[in-house]
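Chain IDs A, B and C follow the sequence of writing; residue 1 opens each chain.
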Amino acid sequence: MLRATIDADVFKEAVDAIAALVSECRLHVSAEGMRTRAVDTANVAMVSLELAPAAFEVFEASERALGIDITKLKNIIGMVNRGDSLQLSIPADSQKLNLAFQSYQYSLTLLDPNTIRKDPNAPSLELPGQVVLDGATLTNAIKAATVVSDKIALGIDPEARVFYMEAEGDTDNIRLELGPDKVQSLTETKARSLFSLDYLKDMSRTMGRAERIEIGIGIDHPVRFTFEIAGGAGKVVYLLAPRIEAD
Amino acid sequence: MLRATIDADVFKEAVDAIAALVSECRLHVSAEGMRTRAVDTANVAMVSLELAPAAFEVFEASERALGIDITKLKNIIGMVNRGDSLQLSIPADSQKLNLAFQSYQYSLTLLDPNTIRKDPNAPSLELPGQVVLDGATLTNAIKAATVVSDKIALGIDPEARVFYMEAEGDTDNIRLELGPDKVQSLTETKARSLFSLDYLKDMSRTMGRAERIEIGIGIDHPVRFTFEIAGGAGKVVYLLAPRIEAD
Amino acid sequence: MLRATIDADVFKEAVDAIAALVSECRLHVSAEGMRTRAVDTANVAMVSLELAPAAFEVFEASERALGIDITKLKNIIGMVNRGDSLQLSIPADSQKLNLAFQSYQYSLTLLDPNTIRKDPNAPSLELPGQVVLDGATLTNAIKAATVVSDKIALGIDPEARVFYMEAEGDTDNIRLELGPDKVQSLTETKARSLFSLDYLKDMSRTMGRAERIEIGIGIDHPVRFTFEIAGGAGKVVYLLAPRIEAD
């Protein structure tokens, strides 16, 4: 059983964060809210998302794992106007998620959760480098790097006390350095790993709106981006595996 | 002979209404204004359009059927700026329609009207269900339905006193119900027919701007949309044949 | 050696003017500023561009010919925000052009100038017809002509005292006449030549912003467009060869 009312913009942001990586997911609903964790088909990136009951105007749910076609859900949410209120409901034992907004009734057939990949475990990662900055700065850097290359190095230079992003093409390169005045915080720990820009571009569409993104990095280790949605009632974590840096 | 001056926006709306269904048409001009009636190549939809002399600032015409390449005419009108005045003229016996706006002179060669399909007869239809609503509501519903399916049912449920639109996909469906508070008027007559969304999408581009659309529907019958353009000096009627509803 | 600072918008306009015709060029820098002259691969159009030191906030250069990948440079400049300041530098003997803006450092490898076509000579042309008008009028006329044809005639009718542009399609034509009240000046010299709209469209993107374009035309002769950029500290000249007018 699920009965929930939520601001359409808030729900759209959550759905977009998941849709950046996967086209279907297991959405766990319970009295504690909604959460999902999913890995992309190539096993390169993971998204974890939590939405607390406080993100909703109304929220009642009994525990259940829902199989959701995220692509379809995203298309439907795309029709809802800014500021509309969206009602979600699933009667007990029903296999349909009902969405109501304005005078519309939409019914989305649930997928069998057993047909969807098992929830991945959250890997335990030690990422000693920590940087906090706003999403727009990160998104602009990712966009700038795509002009030159299809991968980007993220790192911390502890001597220069800067967080840097660097992209190298065949003949050209671009480097962005952000000192203590341009980031919200920065650990002075050496770090550098290389990442695929394809994934970062998809992730950055959602991250661009966040005022505060915590980045965890290491040396040839995955990167972790953590940020809040739904005015603090929701949290998204992206993990992205590194690529091998050729010499 | 034709000599007419018209606000470019008004003429653009009329041309767009025709261009939604056909790429060429027989345009009848006379002292009573302009009118055309045309059927799309698949014989599924019909457009009738009338523009009274009151839609024009200047209007003089002797009776004549003009063969018009609507696609070309639409491209030319697309260059005219909002608020510009457009002058149309055809000297007696000329085979060219001259359009003048700003410092431009455009000359469009007329098609031989005999090479264009004869004017279709207006079928006599009894469509007992009558609904009146604004164009934006209709256009939004058509857009919403396309997320789910390529066809849409339009109907009246006399018990619930609602006009409804319903689209069913393989696994999902969407339903919009508009009660007496959401429509301008509604007959309590049972009606339901199924239509192709392709045609409705093309028609809805023009209908979306109308404040008042009269819809006539029956049971497995065509639908008729009637609305005014040119501030009431013009009228458009769209007819669309139903599709067979599979069980 | 080059060390220069320039408003990003100004540099973008200069790069766009060159990119309209060629994808790489020899850029000559010296104490007198920057200049280039290049011909498109089909030898149909030529661009000359000069930027005086006054176009820059800071400008120091020793004489050198730089091989520039204009397409790449255009992509980089596209990332710079309106109003940003752009720093250009090349250390002595370096083969890289460094661009810095905001916190970004971009490094573009120079091309070997010997691999780029030699600078063309400026042909000596007598173009007795002279017209001065604003770029927006010219750009709109070029856009209007593309609806009808892929070439346009530009001319002066000395009896009617108009500058005209005329495009003829298979069945349709468009003509724009600009009298003394619509142009800034006009010589009463007979002129008419035919030009490819493809080239004019590319050129008009840059010309559309100019307040004053000097046009030189003759009879079946090239056309020359001259206009200022960088608030008068830069000058662009486009030359375009005529096409043969078939009867």
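Assume a residue touches a chain if its C-beta (ideal position, glycine included) is under 8 Å from a C-beta of that chain, and two chains touch if they have at least 3 such contacts.
None of these values were measured; they are calculated from a predicted model.
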Touch-based graph of the chains, sorted into line, ring, star, complete or other: complete
Rotation, 0 to 180 degrees and nearest 5, that superposes chain A on copy chain B via CA atoms: 120
Equivalent interface positions on chain B and chain C, same or different at half: different
Computed distance of Cα centres, chain C from chain B, in Å: 45
Interface hub residues of chain A, defined as touching at least two other chains: none
Complex interface listing, chain B residues touching chain C: 72, 75-76, 78-79, 103-109
Complex contacts: residues of chain C adjacent to chain B: 140, 143-144, 147-148, 171-178, 182
